[in-house]
Every structure is written in structure tokens, then in C-alpha cells.
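In the two complexes that follow, subunit A is the common piece, with subunit B as its partner first and subunit C second.
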Partner chain A sequence: MFMGKKFIAAAALIACGFGSQAFAEDGCIVLKSAAEVEKEVVDASGNKTMKLVAVDKAVPGVEVVWTVTANNKCKKPSEKVAINLPVPEHMTYVPDSAVGPGSDVSFSVDGKTFAANGQLTVQENGAARPARHDEFRHVRWTFKDSLQPGATAMARFRAVLN
Partner chain B sequence: MKFSLKPYKRAGFACVALGAIAMSQQALAAGTEAAIEIDNRATVNYQVGGVSQTPIESSPTGNSVAGVNQGADTSFVVDNKIDLTVTEVGGAATSVGAGAVNVYTTFRVTNDGNFAQGYNLSAANEQGTTLFTRTDVAGASGVEMNNLRTFVSAAPCGGVNPVPAYNAGADTATNIATLAPDACAYVFIVADTPVTATNGQVANVNLTALTRVANTLAAIAETAGAESASTVDVVFADDGRNASETVSDQYWLQTAALSVAKTSTVISDPVNGAAGPGVFPKAIPGAVMEYGITLTNSGTADAELVTISDSIPANTTFTNGTYTGGTNVRITVGATDSFCTAEATGDTNADGCGISGGVLSVGGAAVTAVQQGAANAVTVRFRVTIN
Partner chain C sequence: MKSWRSLSAAGALALCIFGSDPAFAVGSPAGTVINNTAEVTYSVGTVNATATSNMVSVTVAEILDVVVTAQTPSVAVDAGETQREVLYRVTNTGNGTETFLLTMTSVIAGDQFDPVPATPAIYFDTDGSGDLSPGDTPYVAGSNDPVLGDDEFVNVLVVNDIPAGVTDTQIGRTRLTAASRTGTGTPGTLFGGDGDGGVDALAGTTGADGEATSEYLVTDVTLSINQTQAVLNQFGGATPIPGARVTYTFVIDVTGAGSAANAAFTNDIPANTTYVAGSLQYNGATLTDAADTDAGEFAAAVPARVRVALGTLTTASGPQTVTFAVTIN
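So, the complex of A and B:
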């Protein structure tokens, strides 16, 4: 589905109040976000598997799995798909937990500058130092290939409730 | 029963939240407070045919309507994690005398959960348990404290605040109305000691704190069944998973146990002279006798003395100017001597020694206590002349 106007997507995160006109226009991607926890499930034969279920007993210390799925519902491919998901307030990113098949994952502290794990820096006492995982406040998955019609991309990370 | 609380959002932005940049995180040891709502929303940017499209926000069920605020947060509410610690304060028993009333042992109750709670308090005697290496004997040969009560200290707890003493006038609450997450309160068990308690007996007691709804002190049950993302469930996270902790303390009976020994020695007689190598004076008229009264405290508490009294033996005359400086009574504690002068008309010079009605009394300024242990035995000496 085409839009009449363009804007630079490269560094663009939607800023508050930026787009004052609210277009209620249907796009090409169905974007879904889930907050789940891993639960051990024992079947009738006693086999144990780990299953993702809706967040249960959300007490401090619980590890929540945030999953985003993007499904292309149009007849044309979606190109340069980039999913952004914040690390919510009161939660801490679990190191090395971000996954997204076919994507490059990057992180940001300020929401403006994104870099791969280990390459993101912050300023402290006038000098740059590597950002710690507990300072990540945004995660981005940049998919290398176009999302074909009908296909679904997946992005996920884990975070612990403080 | 489900304990429902209205979830609330922390100061959120009016528009799409890209992540609360630099919002102050709660630094509680107990963790994020219950009832806080955790919200999150993803955004996808994409192109079709090389043309950038209006970004689309996520929703829990899936959203494809492009544009700001067309999506919806994926949310859950932080649950109430109940946890508490009860600690015995002081690491030692409270020493008491038989019959002592309103004697207290000290505890500290801390809310380790993530929501304000109240606590029911109760105290109980123990039997047969060992604490501080001493055993509370069970059955009739043991001792139990009477009139057990619990009181919450009105003094502040936590940080650099010192451990308070029990203040009967101020500490009148019998349950803890409310403790914020990470906050603590001092609690006393106050009790009365039986008059029949004997030296060395031990009475162990314990305090139980049971978590309740703050202020109303209504009962709390753990939420059974599946989690609800929109209401605050209750989770018992304490040892034993029962929202309750019990900790022990001890009362230790300490009494003085005095024994008295009396000796007499012939110092000299008019015929043989003074005692010395080869000289053995006898108790004949004119002889000088020295009497010694020794008090030894074999108990576990110092004995506070009123007076040591002894009758001047019949047919004798109390000797004056016997010791240094014209004194006539010698008091020895361990290896240390002190002296006083007992006047025939009573203790007119207020040095603690006096004679009245044929009785020598030593006390007050001269001797105030017999401390525990053989090395602290008190010996009072005086001399008389046989009439």
C-alpha cells in the first residue's frame, strides 16, 4: 500500500507529537507483541518441555520474554523491515538474549544512536566507554532480506523485572 | 480470594512511548512495587517498492493500522510478592531475676516484599529448645515466662537508628499496622518472671510475625489459579511460603548465691604476748581476738548488699584503733583492703560502719556489693578483747 509522502526512515523513530495527523490507514504489516514467560510443561508420558505462556506471577526477578512478529499481508514484499522494541521501564535487558532470524540486532541507550552489541558507547566523565547491557533501553532488528507476502518475521529479547 | 488493586501507570508520555529514557528506576531491594503496570509497544518501519511507509505500532493481538497511536501496549501488572524477615536483636539472652516483671526481648521485623503490608504479632513459650548454648528444660522442672505480650517500638528502625529499649509509655501497639517495602520495625516480647525461678534456669520464647493487609490487618491468601495480567496477584515468597516467620529469644535467670564463713584468731594474750614464731597466745581474759566474716557469691549475679552485721561476742570489748589510721574495721575484697571506724554510738561519721545495741554493722559507704566469683569474696575483720 503506497503512502503519498516519504520521510527518512534511517534514523527515524517516531518522536512524540511529530506526526500530528493521525492516518487511520491500513498498512502491509500486522505487528504483534507478546510478553511471556517460560514454563516447564510435563506431558502424559512425563516428557518435559519448555513452553511460552502469558506472564505468570509477575514478581520482581521474573524473566519476561518479549516477542514481536511481523506478518506481511500485502501482495508485494516489504523491504528494509526494521522492528524497534524498547526495554520497558522497571526491566533490565538479559545479555545476549536478543534474537531475530535474518536480522542484525542493535541497541540504543538514548533512542537516537544504535550500535551492535559491544559497540555501543556512552559518555561518562567526559570519556566514552562501552554501554553495559543494563543500560540498553531500545532494541532494533534490521532484517537483511525483504519480507515476502504472507511471510512472518520474528524478533525477541528477554528482560528481568527489577 | 483474589486481592485486586487498580493498576496504575507511572508517569507515561501522552504519545507513543519509545522507551522511558532516563526515567529513574526504582532502587528498592524489594523490587518494583506491586500494582505498577509494565507497558511496551513495538514499531516497524518498512518500504514497499522503494518507498518508505508510515510506521506501524504493535498490539497484543496484532495491528496493521499505520500511524502514531494506532497500536496498543502489551501490558502486565506487577504482582504482590510477600516476603519478610524476623531477626532476634542482641545475640544474647535477657538476664532477669526471679519475680522480675515486664522484662523484654528484642526483635526486628522487615518487609522484604514489594508492597506495604501489616503484620500480626504473637509470642509463645518454648520447651525443650536450645538457644545461645543453653537449653530450656521441658516439663515441671523448667520455667515458663508469664503474661507474654508483644509491643511494637515507637522508635525508628533502619539505617543508623540505634536499637531502642522498651518504653512502656510509648510502645503500646501490639501489631504492626504498616511497613513499606524494605522498611523495618522493632518489636518486643514483654513478660513476667515467675518468683519460683531459680538461678541458671532458661526460658526460651518466640515471636511470630504474620503478613496481613496494611492497616486493616485483614488476612491475605495467595492467589490460586492462573495469573491475571490485569490484577495484582499475591505470591508468598518467604521461607515456608506461608507469609509468616517465627524467631526465638531467651530469658536467663541470674541470682546471687551468698555463703557466709566466720573465723576467729587469737592475736595476743597478756601472758604469751603476740602470736608469732613459737608463740601461741590463748583465749584468756585480756586476750585480743580477731573475728573475720567472709561472704562469697557463687551465683551469676552480683549481690547488692545492704549491710553485713555481726554481734560483738558476749564477755568481750570491741577494740578501737586496731588498724591503720585509727580505724577499727578492715574490709578486704580480693587483694584490696579498705578500712572504716565503727563508733559505739552508730555510724556518726557516715563511713558505713557503726556499732549499735552490741551489733557491728558494715555497709553503705564501706561495702555495697558482693560480686560473683571466689576472687571477689568480701571479708570484714574486727578485734575484741576478752573481758
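So, the complex of A and C:
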């Protein structure tokens, strides 16, 4: 009994400890998002390269490149890192455009059920059928390895403005 | 008797002046703000955590696009006629509200005469009749330029006089051009901050202007129609009582030089009568009621009507006779 109380007390302390630690660990990953478009840049020698520039105003039909970076600023690795980015309203996901080195990419229509490309299904007329790329409304990158201190994970997809 | 060709032209076009055509829809409305934020979930040891990113905003800029279509691409006219109109539709195929400048010209290469623009030369088809009528408002550039939302259209009439001295089969062309007041140019031309709500505007694939051309075809041929009827009742008399059979005879006469292409005879079955199946005849030959390879058909869909394709008629064709019978209900 006494042991029990101690245990409970200890457990409560540990819980508090974890609580305070949670506040600290909350700040381990700094997440940044960017919306960009590809522009052709010609240098002085006439060499052409494609460069990503921030987009503020876009015209229907333009392909927007959405990029998210996650940087671990703590001294401990972050595990089970999963980045989520919606395919915003008025935009359509460009097939096979999701990339994220070291991650598995999955998609969702409802925001609750996620599955890999080709495996996500939707219900239509009482039967399940594969979801089309233009139905994807959420993209998730689940990183297989931990994110080491100081390291940055990158996730990206493209979407066309309707 | 009113010229046959103008009868069919006016009858076919009962259009609203303003309308919307989503088939042309370009995309998200100009000025729409799209926000997006990323989220990350992770764990450190046994502690789960989340973080959110900055919010990114993308504003939809305006695309300037317009399409002009000729609703009456070819209109048959006589030499010396005045106030002959052609109908166009101007559709805003961009994604914002735009004001358009309308201009017309009848000096176009490739035809045999120049129609003479009337004064005024451009009208809105205000009463939606499809032809020039007293209810139509003249267009005055800079004063009543049409303002169209995305996918909206307006019907416009261009009016010319036909010169004297033109001859049968000669063609004169007339053209309507619509241009966005925000600006026109090669696709992609930027009009920074000039779009709806101060967003950027860009010339779309149409370059923000459009045009369509129609032609006046001089054709001297005129069709006129004369109708007679004969009543035969069940008692062998001519009193039109319920059950009596009425036989209608239509004689179509062709006068003047030239040819009337795709002439067609159409007549609604009169109210309170019933079409006698198999009674449709063309120049003495019985036509099947079904819509098939012969020239005639009876269509029961309200309003019930008979239709006979007369082909291309000239004076050499001679009078054309169509008959059909009904019984009085």
C-alpha cells in the first residue's frame, strides 16, 4: 500500500515531469511552408535554369510547388516524423508529384483515412473504387528514420490552380 | 408575303440577351485567397508533439479572356436592302468581371462587296428576339460598354445596309470585335494590379480580345406560300363538325434568281384537330410519318407538327405542293 502510494506519487511526478518535458519537446521541430512557381532564369552567359520563386498571385492553370521543411533544433533526435499538408481548395494535385526523401507518401480524401497512391479508395454508389488524384485533399509524408539533431526533412508536392 | 428565309431565321433565335455559359468556365474567381498551413507530428522519446508551419497565402489573379461567336454566320439579303442585322454572342471566358469595348468593321478582305455600316451599327439584343427590333438599345462606346462577370455573355447585333448593284451569290462580310478594357496583348501580358479588387490581371490565351465574322449572301430568290383547305365530313358535306376531315394544301412558289438552300416546310397541327396518320404528301407522293430517309415526318411532341425538307429550290423547281389531313376533334 505504502509502496502503492509511493508508486502513485512517483508516477504523478513522472507525469508532471513528462508534462514539462512535452512543452520543451514541442519546440523541437520548426516547420516552414512555401508556395512557389518555377521560373526560367537566364544568366549572363545565356544559360537557362529553372528556379523556384515565391508566388503571391497566381493565375488559373499555373502549377504551384508546395514545399514543407522540418528542422530539428533540439539535441535529441525526433522520431516518427510525419508531415501533413492539405491540397488546398481551388487546387488539384499533380499526379506523382509528391516527393520527400526518406519518406513514404500517403494521401487522403477525408483527412482521416490515409493510404498510398493507388491504394486509397472512395465509396461511390455503395461500392469502393480507387480515389483519383484530383480527389486527394491531404498529403502525408511519414519519415522512416529519425530526424537527427540539426537535420532538415523536406516534403513537396505540386498542385495546379483551378 | 414575307420572305421565307427571314421567317425561318427570326423564328429560330429566341434568346435571352444576357446569360451564363459554364461550358467556357476558366477557373477560380479572381481575388480568391487560398490559405494553407502544414502540420508535423513527431515524438521525442515517449513524448508526442506537434508543430504547425507558417500560413501561406496565394491569391488568384485575374485572367482576361473573351470569345465572340457568330450566331447567324450567313444571312441571305437582296441588293439595296437597308438595316440588315447579324447576331453575335460575346462571352467573358476569364475568371473576373470585365468591361468590354465593342467595335465593328465591314471592310474585310476576301469578299465581293463591303456592307455599309448603319448608324448606329451596333446594338444590344435587349429584347432577346434575335433580330433588330425597336426594343434594342444602341451601343455607344464608352457609354454603355457591356460589363460581364466570368462566364457571362451578351447578345449583340451588327447592322449594315446592302449596296445596290450587288449581284446574286456575292458575299459581303462584317465583323464584331470585343476587347477587354483592362488591356489586351499577347497571352501572358501582365496588367499589374489592374484586376478585380486590385489583383494582377493577365491576358489569357485569347489575348483578352476576340472577334467573329458573318457574311451577307446576296440571293434574289424568294419563297412564298399559299394555303387552302377542304373539309369533308362523315355525311359527305363540307360543314366542319367534330369528326370531319380537313385536308390542307400548301403551294410554295419560287421567284427570282438564285437558289434557296435547305428550304424546309413546317406546320403545326392546328389546335382541336388530330393528324391523320399517313396523310402527308409532297408533290403527290406520300411520305412516311416516321423521321427516316424520306423528306417528310410527323412529330407528335408538343406542339405536334409536320415537316418536309424541300431541298434547294430555284425557279426551275416549279411550285412545290405539300398536303396533309386532320380530323376535327
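The definition used in the following text is that the second predicted complex is superposed on the first by the 134 of 162 C-alpha atoms of A that agree within 3 Å, B and C clash if a C-alpha of one lies under 4 Å from a C-alpha of the other, contacts with A are read in each partner's own complex, and residues count from 1 in each chain.
As a working rule, contacts are C-beta pairs under 8 Å (C-beta built on N, C-alpha and C of every residue); 3 or more make two chains touch, one makes a residue touch a chain.
Nothing here was measured: the structure is a model prediction, and the numbers come from that model.
Looking at the shared chain after the overlay, A:S97 reaches neither subunit B nor subunit C. Once the two complexes are laid over each other on the shared chain, residue contacts for A:P88 go to subunit B and to subunit C alike. Contact with both subunit B and subunit C is seen for A:N162 once the two complexes are overlaid on the shared chain. When the two complexes are superposed, the chain touching more residues of subunit A, out of subunit B and subunit C, is B. Of the two partner chains placed by the overlay, only subunit B lies in contact with A:K73; subunit C stays clear of it. Within the superposed three-chain model, A:N117 lies out of touch with both subunit B and subunit C [touch as defined at top].
Shared contact residues of subunit A with subunit B and subunit C: 18, 22, 25-35, 55-61, 64, 66, 68, 70, 74, 76-86, 88-91, 147, 155, 161-162.
Remark: subunit B residues 10, 13-21, 23, 25-26, 30-32, 36, 38-71, 74-81, 114, 226-227, 229, 233, 235, 237 touch subunit A in the complex. Per the touch definition, subunit A reaches subunit B in the complex via residues 1-3, 6-9, 12-19, 22-35, 54-61, 64, 66, 68-71, 73-74, 76-91, 109-111, 137-138, 147, 155, 161-162. Residues 26-28, 32, 34-63, 95, 199-200, 202, 204 of subunit C touch subunit A in their complex. Residues 18, 21-22, 25-35, 55-61, 64, 66, 68, 70, 74, 76-86, 88-91, 147, 155, 161-162 of subunit A are the ones touching subunit C in the complex.
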